[in-house]
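Before anything else, here is the set of structures, which you'll find just below.
You will see two complexes here that share subunit A, one where it goes with subunit B and one where it goes with subunit C.
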Partner chain A sequence: MERRRLAWLLLAPTLLVLAVVAFYPLAQTLAYSFTDARLGSSRPVHFVGLRNYFDLLVDPRFYSSLSLTVRFATVTVVFEFTLGLIIALVINSQFRGRGLMRAAVLVPWAIPTVMSTQMWKWMYHDVFGVLNDLGLRCGLLAAPVAWAADPAYLFPALCAVDIWKTTPFIALMLLAGLQVIPADIYEAADIDGASPLQQFWALTLPLLRPAIVVTLIFRTLDALRAFDIFYVMVGNRPHYQTLAVFNQQVLVEFSRVGPGSAISVVIFLLIAFFVFVYMRLFGVRE
Partner chain B sequence: MGTSLACAHTRKLAPLAEQAQYLALPRVELTVFVVRALLWVGFIVFLANLTVPAPPPSTSATLRTTPPPVPRPDRRWAGTTLTYYGERPGFGMAFERALLRQFEQDTGIRVNYIPRPLSASECYASYQRVFQARSPDVDVMMVDVVWPGALAPHLVPLSLSTEGFLPQLVENSMVDGKLVAMPGYLGAGLLYYRTDLLQRYGYEGPPRSFDELEQMAKSIQAGEKPVNPRFVGFVWQGYTYEGLTCNALEWQVSQGGGQMLDQVDSPEALRAFSRAAGWIGTISPAGVTGYQEEDVRNVFEGGNAAFMRHWPYCYASGNAPGSPVKGRFEVAPLPGASVLGGWEWAVSAYSRHPQAAEQLVAYQTCLPVQRWRAVEGAFLPTRPELYKDPELLERMPFCAIMPEVFRQAITRPSTRCRDLYNEASSIYFQGVATVLQGGDPAASMGRVRRDLSELMQP
Partner chain C sequence: MKRLSFYALLTLIIGYTVFPYYWAFVSSIKPSSEIFATPVGLWPHSPTLENYRLVLSNAGFLQALVNSAAVCLASVTMALTFGSLAAYALGRFQFRGRTATLYLVLSMTMFPQIAVLGGLYAIINQIGLFNRLPALMLSYLLFTLPFTVWVLTNFFKQLPGELEEAAIVDGATPMQTYRLVLLPLLSPALVTTGLLAFIQCWNEFLYALSFMQTPDRYTVTRAIFSFAGVTGSGYEIPWGQMMAATILVTLPLLVLVLILQNRIIAGLTGGAVKG
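After this line comes the complex of A and B, so read on.
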C-alpha cells in the first residue's frame, strides 16, 4: 500500500505536466469546436452544437484537403521508407569515410523546413531556378518548366521536398535499429549457407520490426500534420491546402475559432485512427 | 538488396573485439554515434559557412537629408514612452529611424520601435492577438488600407484633420463616421513597360486596352524568345494571396465586370477571368501562379519581360545603379482601373497614452513628412497637392499620371466587410485561382458568389 502511494506520488508531477500541456488544450479545443467563437471579437460566444462539424461535412474544401493530406502521406511515407532503409543499410556497413557519410546524410534534416522549402522554391523557379537552368543547358528541357506552379508537376514537386528532407530521419531511426542487431546471427546464417537476400528477409527485416513500426508511426503522423512545406510553397492555393493549412486559414486568417477547432479535432481523430491501425497491423502491445 | 549483401559481408569481416562491443554496449555505441554525427553536422555547416560568400549588404536606404521637424511640437507628454509597430525590416527602416529620432527630439516622447512582421497577413494576425488580449503593450501601429474596417473596434477615433487627403482613402478609414486611421502613403497598380522593346517592335506608346496589351506582348515575345528562351510578354501577381485579389479585381472592373462582392460571376467578369487564364503559358509564364511581388519584379528587372503589373516602388528599384533595365522602362496607367493599396497609422484603443500616440500619428502623416518620404524614398503621398511638387516630379516623372490613376482607382470592399474582409478576399482569390488553374469559370465563380453572399448575410 505504502509503495503504491509512493508510486502515485512519484508519477504525480508527470501527470500534472501532461494534464496542463496536453489534456487541457485538447479539452479546450474540443469545447471551442461546439461554439461560434471568433478571434479578436467582442461578440458573445454561442453554443452551436455539432453545426461546425456538419458545415465541414458539406464543405468541398474539407474533402479536397483531406484527400490531398492522405495522398501526400501515402506517397511520401512509401518513398521515404524505401530510400531510408537502403541508406540505413549502406551507412551501417564498414567503409572508409563512414562517419562523414552518416553526418552528411543528416544535413537535409538539420535545415529548418521553412528555409529548405524556400530554397527548393527558388530551385523550382521557372525563370531563375537552377533545375531549369541545368535542364536547358543539358538539353533535357526544351522550355523552362514551372515546377512549383504548373498543376502537372506541383504534387510530385511538393512530395520531393518532403522526401529529400525526411529520408535522413528515417535512415537514422532504422540505423539505430540495425546497430542493436547482434552480428553473430549473421555468422550463423552464413554457416548454414543462407544467401544475403535470405538473410535480409529472414533476419534483418524481422529484427528491425520494432524500429520500423516506431519510424512509420512517427512519419505518418508527421505527414498527416504537414503544414510548412505546403504553406511556404503554395500558400492557400485551391486543391493544394493540406488539412493543417486549411485549419490555419480558418482559425487564424479568418479568426473563426469554432470551425477551426472542429478541423483540429478532425485532424486529431484522423491521426488517432492511423495510430490504431498501425498498432493493430503490427501487433504492438505496451 | 545489394546493400544488404555488402552489409552482411562487412559484418563477417569485422574484428571480433568490435563485435563484442556491439553486443555488450549497444546503447553506449549509439550515444557515441549520435554525438559523432552531430559533431560532423556542425563541422559541415561550419565549412559551408566558410565557402558560401557573405550576402551583399541589404538594400537599406541611404538618406541624403534629415526629416522635417515636427510642426507645432507639443511637449505636454514629454517623458512618456510609446511602443510602436512601424516599418517592416528592409527599405523603410532607415526612414523610420530618422523620423523617430526627430520626433523624440522635438516632443520629448520616447518611442520604442518594433518593426512589424514582413508578411502583411502575419502582421494582421499579431495585431489580432494584441487586441484579443486587450493589451496596452502597443500604442501606435501601421495598418494596411484594407484593415480599418476589421480593426475599428480596437482603434481610437482620431481627432486629426483629413483636409487635403485623397477622398477615397479618407472614406476607407472612416468607420461609423469615425476616423480610425490616417493614410500615410499609398500604392496603386501600374503598368511597367520596356520602352526599348516597344520601339524596336514599332509601337508608339503603351497599350490602352487589354486587347492591345495581349497583342503587343505576343508579338514582342515571339521576337525575343529565339534570343532569350526565358523571355515572356507580361508578368503579374498570380500567387494565391491578397495580391491576386488586387490583380483580379483590376481585370474584372476594367472590363465592365462589376464589383467584387456582388457581381463576380457576371458574363463580363467571367470573360475577364478566362482571358487571364488564357495568358498563362502564352504571354505569361506558366509559373506566374507562383509569383508574388518580388518574383514579378525580378523577372522584369532581369530584362525577361516586356510588361509588368506592379506597385510604384519598382520605379525606384528598376532605376537603381546596376539594374539591367535602368532607363529602359516607363510607367503607364493600367488599361482601365487600378486597385489602391498603402499603409495608414492608427492608435490602439487599449493604449495608456492615446494623446501622445496621436502626436506620432499626426507627425507620420503630416505634409512635410509625406513630401520628404516621397522625395527620398518614392513612398507616394496621400495628399494630391504633392503630385504637383516640382522636386517630386523631377525625381519621379511618372507621378504626373498618378492623380488620373487615383481618380479611377478601385478600393477593395474592406469597410463594408469589416472583420470578414480577410475571408471575403480569400473566397474571391481562391475562386479566381481555381479558374487560372483551369477550372470552369462559371461554376467556380458561381460558388464564389454564393459563398460571399452567405458570408455577408447579417
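After this line comes the complex of A and C, so read on.
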C-alpha cells in the first residue's frame, strides 16, 4: 500500500511532463484541426467542423506530398532492410577486425541528419562534387549530373542519403537479433545437410522475426515523418515536399494553425495505420 | 578465395559508411582553390586549417554551439532526473497500472514529433516562449523523457534484488536505497542513456526551425542548414567552412560514441531482442 503510493509519486513528474509536452498538445492539435485558427491574428476562432479535412482532400499539394512520402518510405525501407540484413549477417560471422567494422557502422548513425544531408549535397555538387568526379573517372557517367537539381535524379539522391544514414542502425538492430539465435541449431542443420541458403530461409529469417518487426515499425514511422533530408536538400519548394514539410510550412510559415493541425492529425493517423498493418501482418506477440 | 571476397565485401561496407565523412573532412582541410577545382582531388595537396579558423571566428556559429549545448544539457538533465525516478518505480515496484504505464512510455518513444507541432506551436506562442530557448528545452522532453524512462527501466530491472533487500534490512527507506545504492550502481547506464538522449537533442531540427526565429537563437542544426561563411562571395555556399563546421559539431560526439560503443549498442538494441 505504502509502496504503491510511492511508485505513483515517483512517476508523477514524468507523467506531468508528458501531459504538458505530449498529451495536451496532441489534444490541442486535434481541437485546432476543426477550427480556422490563425496565429498572430486577433480575429475570433470559429469551429469549422471537417472543413479543413475536406479542403485537404481537394488540395493537389496534399496528394503530391502524400505520394512522395509513401514512395520515399517504401523505397528507403526496402533498401535499408535488405542492405542492413546483409551487413548484419556479415558482422555476425567471426573475423578479425570485427570491432572496427562495428565502429565504422556507427559513424553514419551518430551524425545529425541535417549535417549528413549537407555532406551529401556537397558530394552531389554538379561541378565540384566528388560523385560526378568518380563517376566520370570510372566511366560510369558520360557527363556530369546535377544530382540534387535534376528532377530525374533528385528522388534517388534523397533516398541515398537516408539509406546511408539509417542502414547501419538497422544492421545493428538485426545483429542484436542474430546474436541471440543459439549456434547449435545451425550445427544440427549442418549435420542434416541443409545448405546455407536453406538454413537462412528456414532458420535465420523465422527466428529473426521479432527483431525484424520492431525494426520495420521503427523505420517506417521514421520514414513517414521524413523532414530534415527534404528540407535541407530541396527547401520547402511547393512541388517537392513530404507531408511533414508541407505541414510545417502551412503551420509555421503561413501561420494557418487550423489547416496545419489537420495535416498533423492525418500524419498521425497514417502512422497509426502502418503500425496496425505491421502488427496484423506479423502478429506481434509479447 | 572465399576469404578474399569476404574481406573485399567488408572493405566495401566500411568504405560506404565512412567515405562521406572522410570526404567532409578532406574538404574541410582544403584551401578554397582546391575545393572549387576540377578534377576533384581525393586528398588535399596543401592542407590548411583556414576553414576551421574562419568557423571559429564566426560569432553566429559559436552562438549556435552555446545554444545547442544549453538546450541539450537542460533537456537531458531534466530527462535523467525525472526519468530515473520513474524508471525506479517501473523497474523495481509492483503495482497496478505498471504494465499499462510501461506500454504508454514505449509507445511514446515512437511518438511522431510532427503530430503535436500544431498544438505545441500554439501553446509556445501563448505562454510567450516563442523564439526563446526554454521552448526547446521543454519540447525536447517529448522524446528524451520516454526514451530515458524506457532504457533506464530495463537497467533497473537487471539489478539483483538482494541489494535492495540488504538495504531495507539495514533500515534504509526506498528513497535512500535509490539514492545511495541503486543510482551509484547505475551511473554507467546513466552516462550512456544521457549521451544517447543528448545526441537526439543535438540532432533535432524541426522544432528548432519552427520555434526559434532570430539567428541568435539558432541551434547547430539550424545554423548549419543556413550556413553563411564569414567571407562568402554570396554566390557560392562556403562548402569548405561548412564541412569544417560539420566536423566540429560531430567529431566530439562521434568519439564518445566510439568509446562507449558496446554499451550504446546494448542500450539501443535492448528493445529489439526483448520485444
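Convention: the second predicted complex is superposed on the first by the 254 of 286 C-alpha atoms of A that agree within 3 Å, B and C clash if a C-alpha of one lies under 4 Å from a C-alpha of the other, contacts with A are read in each partner's own complex, and residues count from 1 in each chain.
Heads up, the rule we're going with is that contacts are C-beta pairs under 8 Å (C-beta built on N, C-alpha and C of every residue); 3 or more make two chains touch, one makes a residue touch a chain.
Bear in mind the structure is a predicted one, so any value in this text is a computation, not a measurement.
Peer 1: Specify the outcome, clash or fit, for subunit B and subunit C once both structures are aligned onto subunit A.
Peer 2: clash
Peer 1: By the touch definition at the top of the document, which applies to A:V277: first (subunit B), second (subunit C), both, or neither?
Peer 2: Neither subunit B nor subunit C is touched by A:V277.
Peer 1: In the superposed arrangement, which partner chain does A:V145 touch: subunit B (first), subunit C (second), both, or neither?
Peer 2: Only subunit B; A:V145 stays clear of subunit C.
Peer 1: Looking at the overlay, what does A:A19 touch: subunit B (first), subunit C (second), both, or neither?
Peer 2: neither
Peer 1: Under the stated touch criterion, which partner chain does A:V90 make contact with: subunit B (first), subunit C (second), both, or neither?
Peer 2: After superposition on chain A, A:V90 lies in contact with both partners, subunit B and subunit C.
Peer 1: With both structures fitted on chain A, tell me whether subunit B or subunit C touches more of subunit A's residues.
Peer 2: Here the partner covering more residues of subunit A is C.
Peer 1: Is A:D190 touching anything from subunit B or subunit C once the two structures are fitted on A? First, second, both or neither.
Peer 2: In the superposed model, A:D190 contacts subunit B only, not subunit C.
Peer 1: Please work out whether A:F200 is in contact with subunit B alone, subunit C alone, both, or neither, and reply first, second, both or neither.
Peer 2: Once the two structures are laid over each other on A, A:F200 reaches subunit B alone.
Peer 1: Classify the contacts of A:V127 with the two partner chains as first (subunit B alone), second (subunit C alone), both, or neither.
Peer 2: Touch partners of A:V127: subunit B and subunit C.
Peer 1: Could you say whether A:A103 touches subunit B, subunit C, both of them, or neither, answering first, second, both or neither?
Peer 2: The answer is both, since A:A103 touches subunit B and subunit C.
Peer 1: Is A:L57 in contact with subunit B, with subunit C, with both, or with neither (first, second, both, neither)?
Peer 2: Neither partner.
Peer 1: Among 5-13, 149-157 or 293-301, which stretch of subunit B shows C-alpha clashes with subunit C in the combined arrangement?
Peer 2: So the stretch of subunit B colliding with subunit C after superposition is 293-301.
Peer 1: Just which bits of subunit A does subunit B share with subunit C as contact spots?
Peer 2: Looking at subunit A, the two contact sets intersect at 39, 90, 93, 95, 100, 102-104, 106-107, 110, 125, 127-128, 172, 176, 180, 252.
Peer 1: Considering only the defined contacts, which subunit A positions touch subunit C in the complex?
Peer 2: Per the stated touch rule, the residues are 3-4, 6-8, 10-11, 13-15, 17-18, 20-22, 24-33, 37, 39, 87, 90, 93, 95, 97, 100-108, 110-116, 118-120, 122-123, 125, 127-130, 133, 137, 164, 168-169, 172-177, 180, 210-211, 214-215, 217-218, 221, 224-225, 227-228, 231-232, 243-244, 247-248, 251-252, 257, 260-261, 264-265, 267-268, 271, 275, 284, 286.
Peer 1: For subunit A, which residues count as touching subunit B in their complex?
Peer 2: Interface residues on the subunit A side: 38-42, 86, 89-90, 92-95, 99-100, 102-104, 106-107, 110, 121, 125-128, 136, 143-146, 148-151, 172, 176, 178-180, 182-184, 186-187, 189-190, 196-197, 199-200, 204, 234-239, 249, 252-256.
Peer 1: Can you list the residues on subunit B that touch subunit A in the complex?
Peer 2: Touch list, subunit B to subunit A: 1, 3-14, 19, 22-23, 26, 29-30, 33, 36-41, 43-45, 121, 125, 128-129, 131-132, 153-154, 229-230, 232, 238-241, 285-291, 295, 298-299, 302, 304, 419, 422-423, 426, 429-431, 433-434, 437-439.
Peer 1: Of all residues in subunit C, which touch subunit A in the complex?
Peer 2: 6, 9-10, 13-14, 16-18, 20-21, 23-24, 27, 35-40, 42, 78, 81-83, 85-86, 88-90, 93-96, 98, 101, 108, 110-123, 125, 138-139, 141-142, 145-146, 149, 174, 199, 202-203, 205-206, 209-210, 220-221, 224-225, 227, 239, 242-243, 246, 249-250, 253-254, 257-258, 261, 264-265, 268-269, 271-273, 275
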